[in-house]
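Here's a structure for you.
Per-chain residue numbering starts at 1, and chain names A, B, C and D are given in the order in which the chains are listed.
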Amino acid sequence: MAESPILEVTELSKFFGGVQAIMNVSFALAPGQILGIIGPNGSGKTTLVNLISGFVKPDKGSVFFKGRNITALQPHKIANLGLTRTFQVMRPYHSLSAFKNLIVPLNSPRVKRSSAGKLGDIDAVAIDILEEVGFERDARVPYKTAGSLPLGYLKRLELGRCIALKPEVIICDEVFSGLSMSEITSLIPLLERLRMEGITLMMIEHRLRELFRLSDRVVVLAFGRKIAEGTPDEVMNNRTVKEAYLGTETKV
Amino acid sequence: MVAKTRRKKRLERSIKVRCEGLYALSSWSEIAYLMAPRVLLILGLLVIPFYVDMYWQRVLCSAGIYALLALSFDFLAAYVGLVCLGGALFIGIGGYIAGLLNHYFHLSPFVTIPIATIVGAAISTLVLIPCLRLRGIYFAIVSFMLPLFAVYIIIALNVFGGTEGISALDTFPSISLELYLILAAVLAALFAIRRLVNEDMGIILRGVKDNDQAVRASGISITAYKIRAVFMAALLGCFGGAYLGHLYGWLGISLFAMDFSILPIAATVMGGMGSLVGPVLGAFILTPMSEALRGFGQLRVVLYCLILIAFMVYKPEGIMNILQRKYHQFEKWEEV
Amino acid sequence: MTLEYRSDGVSAISILHHSTLQEPDFYSMEILIYGTVNSIIFALIALGFTLVYGVSRVPNFAHGSIYVLVGFLTWSFVNNSGFPYALAVIFSLVVAAILGFLIYRIVLIRLRGMATSEIIASFAVSLIILEGLRMQGIAGFKGFIGPFYTLKPFIEGKINLLGVFVDYQRLIIIGVGVGMVILLSLFTHHTKTGLSLRAIAQDEQAAMMLGVNSDRMAEIAMSIGSALAGLAAVLILPLGSITAEVGYRVLIYALAVCIIGGLGSWGGAILAAFVIGFAMKISTALFGALWESVVLVGTIILILLFKPSGLLGKQKELEERV
Amino acid sequence: MSKKIGFTISILILCAALISSFGIATVHAQKEGKPILIGAPVPRASAYGQNGERGMILAAEEINAAGGVKVGNEMRPIKLEIIDTRDEEPGVPTSEVLLAIEKLILQKKVDMIAGGPCMSECGLAALDLYAKYKMLDVVSIGCYTPGWDQKVGSDLKKYRFSFRESGSVKWYIKEAVDLLRKIKEEHGFSKIFVSIDDSAMCRAAAKIVSDLAVKDGWKVVGEAKHPIGATDYSATLNECKRAGAEILFIWAYSPETSILLRQWSDMEVPALPIGFIGAAEDPGFWKATDGKGAYTIVTLSEAGNVPGNVTPLHMKFYNSFSKRWGIPPRSTGCVSAYEALFVLKDAIERTGSLDKEKLFEALRTTNLPAVRGTIRFDQNHQIIYGYDPNTSVLGCWVQWQDGKRVAVFPELAATGKIRIPPWLKK
């Protein structure tokens, strides 16, 4: 943890019409780490993702990415810096075929800059990436219309969309939700490989068991506040966390 | 209950479709099969003028303008997700620029139309940029009001000829020129837009329509792309406006008339949303039909709207999509 | 005698500047009173539209045409069929409610969820009604030509209110307008139908699971909304005359109010009615009436620039889908 | 099941309601023969368009009943080709109006055109169309803009086929000023209050009138502008009362002006309302205001719309129009459109052919006694208005007296004296 954090959130707060969605949340993310974020329903997890990725502007606090304050930046600017996210609700570009879905990120300034215009056949690149995230090329899955794909593939497509951007940080908003056990087990190697490739992951999850297996550190949110942070073991044994999950009144 | 023992089955025709938009062609007959509708359309548009009298040729000129507007409406609505009810804005801005250049600087229509097309599209885009943040029917309603706004301002300031407009602008030297100019423009625009929506840019725009948040998370500025899309749609409309101004040699506040916003939408609904060819066909059907109904006076608008509603309710996919299906698939009865 | 006719703007502008001379007190009083009246007129016009949109998400572009149709029917019942005024009004409102029901039942029900199609179809209905009324040769009615299709005010005469003359019809409008808002809020908070309407407006899925029939509610909303448009018509039309153009104008006003207030928000609509009512009255006083419409549309654009979902539009920042 | 019944019942009620108020549209029959085709573009949904249509149909029927038009040695009937231009309706572009005219020229192959369009924007644009197709036309409804004869005058060769047989605002303004002078002399009034629709056209025109009135010794004591759709005029009227105006000069075409006049009567404002008031032209005005519109003075633009004796043809026209259509001539357009066909007939008979180059020469030298006076055109092809029925045609200012429109100006056309409301008498 000696390295300077790649992503740092300081005292982030957001109100929605008087309701505290996020209150004074701070944490940091070291390069190459997997950070898990857990919390009961309505604890503000998705709001936190929206705040970091720039879709919602915070009322207070700042987000630093590689030392740069990105709080006021537009989402696409943030994505171009190398911080991207998945969405909890899967809405692919349903009228397009799966690989055409990747044409969008492949046209972003970030990709164009890094490939210096030598991307070659952009469709082939898209299909390669899809194969990487588990679309069977032989079965012609990449050519299928995105609207007709089952959920498992949609989650992969969503990850593929992020990977196409060659990001440094991916925030995964509940990638496991709605998937069967076998689908989850097949997804985990992919996430581990991403970490091997040096991509930092921040995972918002409900599936605690898988998350604890994957993450290096875990942050726990309840009622918009951070109530615990630490290694999976530390968090699992934290009394406040247990209370929050069991629904007892938290005293903060 | 004989009917229940069989059902209609729909099958793709012999050409194997590997995936959306990619065909494996193996023979001339297959190429011909694919090319036939396109060639038919082009030839049809180019040949029809020979068989009608001059009045109907002029009607075709108007139909061409509506076709351009319908195309621009369909492009924005079906591929970018911007339902722009303000086609009259494009016509008005294009027409005014061309007309004013012609009136004050005596430039020939062949100079004013290109200038008006490009400058007009730029101005229309600038006007619409603040509205791009709006979504769904907010955008629709505000774009519906913008042409009215333009009229109010022209009347209030009493500029550009005020309520009387400016007439005696230069017109085109011959009917065949004006006719083929607009037909060529319609065909060019049609094929350009069809091509565009399958290029990377078109795919990104369709992405914006389906899920703009994901596009933003992919590092692409949706505003920048929407601006480009609006500019392109405005190009078509402004060309139509500039052309219209010179077609009748006049400019006036009625260039912002509601008909220019409504009729193209009707054409799109009738022709088939999202098919691009459909709206063009729709415009070439509806405009002459509207002319043929002229004898009915007010009843014409009523009939017109009834047809429109009937299409929306009973054939919402529109003519073109039905034709396309009939052409590419065949139906047969199947015993159950 | 030489005459120079100038159609340019110079003369027009020059009139503006040595315009009406009135004491400031009187002037501001007039703005206050007539601004209020105008605002309530706007609110009445928009109430039906916002009710329908709020409940069923149907942008009812036939709103203005129903307004004119009710005015015309009332006129026709009084002058052609010889009904007493009150009966004519009631009968027209019933027809309006049925018409609203039918528009939904026959046309809109098949287009649910497709906002564009709903707009186009209801606008087509609007054109059918308005342009149909414009036709000539209808018994006792020669098309909307001339100023002769007017409704009588309920009570003739006027009173002096703090130095400003206000006729009774306008006072009635204020009374009924305020009354309507109160009635509607009572209706939606204390009756079963009203509560169902609100439930649908807030969360369609959940309400449907609880057994609220969304189509039935939309039908009811369209009926009430159309009757409200009709009520606004019989209240407001005695101040002017019945022409087809009024239909288009009323639609534009209703849209303007609802857009500024936030579509589907009743409080927003009322607030917006006051914003527009006063903005227009003040701009008329300051720059002349020609600028009224410019101010109207300008206000819309300005407000939407800063609040894309209207003053009190209830849309989440991220899921702003209308 | 009950749902279905409810549905059916409601449809039935709706139908009943609509049928109770609607009747059946009328259709005009036309005479066949080997006709001269005259195109008649009219905006059917507007009052002026209807006026023109009625005038022209009446004229065509009269001409045909008398045997038709003598072209050389043969008698040919007139056939009207009426087309709806839809100008004066909102949302209709001028190009659509022009297309309707093109339909007449290109498809119906009419020999000449008489009638609209009424809107100035369309009328001006149509000039170029007529020049392009070398089509003879006589504008005879609306289109009062002074821009019209200016434009024709600017290029007489190009626009030589266009004539305007309806009036020009220029003349109507002069009439208004002369009428004001007459009232000033007769009643010793000197203060005038101006109330107008707030439209560019009304403002510009009213400005000219008040400027000219000031030169004549009038004192403009106040001005008020009303937005289109304004429905309360009490503030204006109060101010008018306070300022001590004796004339309330109005230039307004919005139908709501009838409310202004009703309020004027209710408040007994001591000023005589006079001017260009679209609402007060129609015979139905008296009923619409419950008689409160009495004393209002308004122009009907052309002699012949009310009984009088300007020319021998005057009463003949008035009676046959009233008989043919069941109502008296409404306002502008009835007479001029009626006369337009006679002007064309006269020119054709003098030329003896339908050759346009000859016809337009003949039209320029028209000197035809008609309903309004004697029809002559000036060098810009504009009909000459004046006060002498032997050299020009006459306008028509009427005052509402006892439910009738009584001609009060010009002197020669007058059939009654101007009455002053009792509350204005000194």
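Everything that follows uses one rule, which is that contacts are C-beta pairs under 8 Å (C-beta built on N, C-alpha and C of every residue); 3 or more make two chains touch, one makes a residue touch a chain.
Source: prediction; values computed, not measured.
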Between A-B and B-C, the pair with more C-beta contacts: B-C
Of all other chains, the one whose Cα centre sits farthest from subunit D: A
Subunit C and subunit D: spacing of chain centres that average the CA atoms, whole Å: 33
CA centroid of subunit A to CA centroid of subunit D, Å: 74
Subunit A and subunit B: spacing of chain centres that average the CA atoms, whole Å: 41
Subunit D: positions in contact with at least two other chains: 44-45, 90-91, 145, 147, 199-201
Residues of subunit B touching at least two other chains: 155, 158, 162, 164, 213, 262, 297-298
Contacts with 2+ other chains: residues of subunit A: 55
Subunit B to subunit C touching residues, read off their complex: 77, 83, 85, 130-131, 133-138, 140-142, 144-146, 148-149, 152-153, 155-159, 162, 164, 213, 262, 265-266, 269, 297-299, 301-302, 304-306, 308-309, 312-313, 316
Complex contact set, residues of subunit B against subunit D: 53-56, 58-59, 62, 155, 158, 162-165, 167-168, 171, 244, 247-250, 252-255, 257-260, 262, 291, 294-295, 297-298
Residues of subunit D defined as touching subunit B within the complex: 44-45, 83-84, 90-96, 98-100, 102-103, 105-107, 120-122, 124-125, 127-129, 132, 145, 147, 151, 199-201
Residue numbers on subunit A that touch subunit B, as the complex places them: 53, 55, 74-77, 79-80, 84-87, 91-97, 100-101, 103-105, 107-111, 122, 140, 143-145, 158, 161-162, 164-165
Sites on subunit D touched by subunit C in the complex: 7, 10-11, 13-14, 17, 20-26, 44-47, 50, 89-91, 145-147, 169-170, 173-174, 198-201, 203-208, 212, 222-232, 234-235, 238-239, 255-259, 266, 278-279, 282, 284-285, 287-288
